[in-house]
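If you scroll down you'll find the structure; I have some questions about it.
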Amino acid sequence: MNEREQMNTLFDRLFPLLRSITGEGLRETLSILSEHVPLEIEEVASGTKVFDWTIPKEWVLREAWIKNEAGQDIVNVKQSNLHILNYSEPVDKIVDLEELKQHVYTIPHLPHAIPYVTSYYKERWGFCMSHEQLSSLSEGSYHVYIDSEKIDGGLNYGQAVLPGRSEKEVLISTYVCHPSLANNELSGPIVAAFLYNRIKKWKDREFTYRFVFHPETIGSIAYLAKNGEHLRQHVYSGCVLTCLGGKDKPLNYKMARSTQAPLNRLLDYLVVHEKRGYTIRAFSPLNGSDERQFCSPGFNLPVGQFSRMVYGQYQGYHNSLDTKEAMTIEALQQSVDEIEEILKLQELDGKYINLKPFGEPMLSQYELYPDINSPTSWKESNSRVIDNRQMLNQILMTLNYGDGEHYLTDIAKKLNYPLQDYELSTRKLIEVGLLQGPIRD
Amino acid sequence: MNEREQMNTLFDRLFPLLRSITGEGLRETLSILSEHVPLEIEEVASGTKVFDWTIPKEWVLREAWIKNEAGQDIVNVKQSNLHILNYSEPVDKIVDLEELKQHVYTIPHLPHAIPYVTSYYKERWGFCMSHEQLSSLSEGSYHVYIDSEKIDGGLNYGQAVLPGRSEKEVLISTYVCHPSLANNELSGPIVAAFLYNRIKKWKDREFTYRFVFHPETIGSIAYLAKNGEHLRQHVYSGCVLTCLGGKDKPLNYKMARSTQAPLNRLLDYLVVHEKRGYTIRAFSPLNGSDERQFCSPGFNLPVGQFSRMVYGQYQGYHNSLDTKEAMTIEALQQSVDEIEEILKLQELDGKYINLKPFGEPMLSQYELYPDINSPTSWKESNSRVIDNRQMLNQILMTLNYGDGEHYLTDIAKKLNYPLQDYELSTRKLIEVGLLQGPIRD
Amino acid sequence: MNEREQMNTLFDRLFPLLRSITGEGLRETLSILSEHVPLEIEEVASGTKVFDWTIPKEWVLREAWIKNEAGQDIVNVKQSNLHILNYSEPVDKIVDLEELKQHVYTIPHLPHAIPYVTSYYKERWGFCMSHEQLSSLSEGSYHVYIDSEKIDGGLNYGQAVLPGRSEKEVLISTYVCHPSLANNELSGPIVAAFLYNRIKKWKDREFTYRFVFHPETIGSIAYLAKNGEHLRQHVYSGCVLTCLGGKDKPLNYKMARSTQAPLNRLLDYLVVHEKRGYTIRAFSPLNGSDERQFCSPGFNLPVGQFSRMVYGQYQGYHNSLDTKEAMTIEALQQSVDEIEEILKLQELDGKYINLKPFGEPMLSQYELYPDINSPTSWKESNSRVIDNRQMLNQILMTLNYGDGEHYLTDIAKKLNYPLQDYELSTRKLIEVGLLQGPIRD
């Protein structure tokens, strides 16, 4: 199976599971992901205080349906995980249509869609269905039945670390807690899992890459309660992965709160100077995903967010229209491609030190000063080809601004060559002993 | 009497007094103002060295007139205080028209106006009259008579302090030294006096408000000579009040020299982000009022200036056209309203500290996370009403940027709600123990 | 002889010499320049390591020609110094036309021009001629003869210092190594020599001016190897002089790498605020002259570059079209005028300290507060005349911002008078004891 087929298969296995912020569906999801990423899975017990929050009891759902007087299913969670109000209390009674309506959630302006609704922290029972179906129900009595339970258990998350030469970490976080949603659930963990396997193949990784899969909000808060101090000391950069489907949408980067975050600088450079078609949004704590937690002022980690078909900006957001077809596996693979390239450039974009900073080095003795009369080209493993004059320009610029104060992107801004091409010139300069780096703050 | 009637009465009592930078008129002015503001009045003796200046002798004027050969008054200071050159030497002699003209000041391009002219530091005798009147004088001899004297006495100023919770002070300075001018004299002390009484009624004042009434230039220099060190240690913010009449003119703020002065920041925010119609001028030492002294480089106090019908930009500037009618008491009251509101916002606009900065607080346990299905509104004493979503947005933004580094105006810039509305959300957050502030640098 | 005639004579004596980066032509050039500037001439021995470079052997050229079968000169270095490849190896053999062509350099798109080509660090023999001449050569055999030698000797440079009140230095560097080129060789040393004599006449010089004449690149590197530490400690500002001919071209300033270099600030002020027609280029290490060495990151000296007809942007660049006629002596004199004025303004543009910073000084006691009724004017040796109001405005602005933090250019930006006019007001303020300065960082 090629990579895209593997992504598709993984999607199909994860989609039917009934996930929530705790419970069996979450554990099964982490277990299937472990076949791609060697996750260490941890559990935080129900009732544990995590900062201002408390880990809730585990929610167990065994059965949930509404039947009409004839004993026929109106809805049944076996047909769609979205039919049950997530974290619903149990119920077993006969209600008339009026009472039923008080416990059924629909989306009037999208009459065919079943909404996804949760009530984690307020006790309620309820169902979700399409507005069309609710409208078609006739007067009469209905049997509502939810066999659910809240038990002492825990909240689970999983993580895997790809060590690099440095202890500085790049944090990649994604969430697993929505049942049967595609873009706003599975796109994140699938992209994360395949990104893990791409980065695993890199030779000579500088950074350590930490991948974390957890329920949204309470999950990242629980993770931070245990690992926040470690992250504060080690995280050089990071991103939350969410909503990464959407074939015709450009990659979208939400900036980290910390304005000097490495990905903020790099994405700004790529968009402004290399004219890449990515979209950049300002940081905001008002909406979004777990970057709200990583960027809370007590941590203020340099963690942004990558998405594509952004939450709240497409029809299927939080309802049954959020399907594989609307998202496409192809778009997920494109997200893996683009994020991998950006993370590679992040490895390159540090500060460099010219080791012979007094006057220009005599480049011809290193065979770096081209013979004008016999133009040649430079070529490397990355298949980019650059000519002598470009090579010399990059070398002169890098040596002059190789003062430990300028990032490579600052240097690249002074010329018109892509950052990627500096891989060749910086490596060459390092080989001949003229340059050292990248160094990190 | 309502406030505006009180302002009008105060104006009518102060207008006829013959004020100068020293003397009886100044003392009487301070005495009448004391009925509104409990002024402590001080005196700096003639001859006292104040920095580079020396307090001049007191000027006493008993009588001043010009009579024609028929013994009829041409001008008499009893008709208008402006007829006498302020600080004029005594004289008593018969002069011909030519000599007289050398001692009479007029405004040729405003033939009906009597100018206001002073000669504090150079000995001269002289009169002022309308150009029309001077032109109508026929050849002949004139008796010029000025019964004035310069005696050992002093320069007076008055001040009153409204204590707040903090020792940090807001300085409000205005001048009292021009005789019978409305906008460019009485507008300042009248607005200051009524502003004093407004602020006195505020509950829970943070800052201490210091009101100072003094002659212009030499008065503020004398005040600084005695109190400059105290001001340097305590002044958080301040403003000079001058030329605050002019019904159809917007409030005008001249920035303090110190670019980060709190009122500079606040007015910039109000104009740029809330689109208030105020006018802002850059600081300049070339012209203006006592902010030139407070902002001299040895002090560099964060003191701006509020005006409306700005000196030099209206016909009546420094002449008899500067009347109550041209200025209007209504405009003074509007100035009181606007400056009071700005000073209230200044109390609100500090830096705040999120007391639970690790992850987002669980807002629902403080009843700060609204139940979307039952929209409600928040309302407070200040009669502003804001809805749940605005309240939540303000709360999330304030908590995220409540890091002790952002001013509330910085936070307000990130959303589209007026600064005033944050009174409600910050108070609520402080009540439930999630926020602390405002803190001051 | 007037100055321009002297410049012309100097040009005519220097032009015929066969200069290179070492050797007799260079020494003779320095010797002739010594008649105008009292140069101390130093020598760095061949083989000496200077940072990453090594001083090459001296190149001696005795004879160089190509003869045809008839024994007639095709080219001879006696006709033009440009005919010989600079630093060419010796040769003495009969070659056919094909072999000859491999050793002859031409400029196909400028068929009448003889190029200037060097091969300092790679051993080659060769000639230069016009493309037209090369094309006209018929098949046959040619005698190529170069009597050259590389001997142990040294590289020479010369310097002269004009001491000032301060030990802080202004470095003025120019190169002497190209044979028989006008704009891209002699314009620099001629302007430097006459600038030296202008500055020598200044009364009360603050800065010490150091003039250095050296071969390009290897010469400035050799100079830095010996004097770099001294420069690092003493250089306040500086400029490289190159390509200063070109009558209809504006003076062109290439910024120093160090963004806060005094000339960067001053030229920016002159262009942006005084609308001078100079051109400003950003710093770049990719091309240029010895500022590349002075601005290498290990030194990062505040040294920019002045030019006019910029290298690479005119037809005669590095070929026989670079003549006195194309450059003009008149343009050189204009360069001297303009650079002298800029350096004078640099002496003026420091930070100043108001010695009576508490309140405004009482200006009338220093006769600095003009009597409005009798307008007078101020005039000084520099022949500028400014009126009372301008004088007062400059005084008030200078006193208010005389806080040791603002440069005089910052102050001048706040008003609309040229920097030059502040010479008068600052001198007056210093005379009466109100101001101190300029001070330097």
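First chain written, first letter: the chains are A, B and C, and each begins at residue 1.
Here is the rule we use: a contact is a pair of C-beta atoms (placed from the backbone, for glycine too) under 8 Å apart; a residue touches a chain by one contact, two chains touch by 3 or more.
These figures come from a predicted structure and were not determined experimentally.
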{"item": "Touch-based graph of the chains, sorted into line, ring, star, complete or other", "value": "complete"}
{"item": "Interface composition of copies chain B and chain C: same or different, split at half", "value": "different"}
{"item": "Copy-to-copy rotation for chain A and chain C - C-alpha atoms, rounded to a multiple of 5°", "value": "120"}
{"item": "Distance from the mean Cα position of chain C to that of chain B, given in whole angstrom", "value": "56"}
{"item": "Shared interface positions of chain B, touching two or more other chains", "value": "none"}
{"item": "Interfacial residue positions of chain A with respect to chain C in the complex", "value": "354, 356-362, 364-365, 393, 396-397, 399-403, 414"}
{"item": "Of chain B, residues touching chain C in the complex", "value": "50-53, 121-122, 217, 220-221, 224-225, 228, 257, 284-286, 292-293, 295-300"}
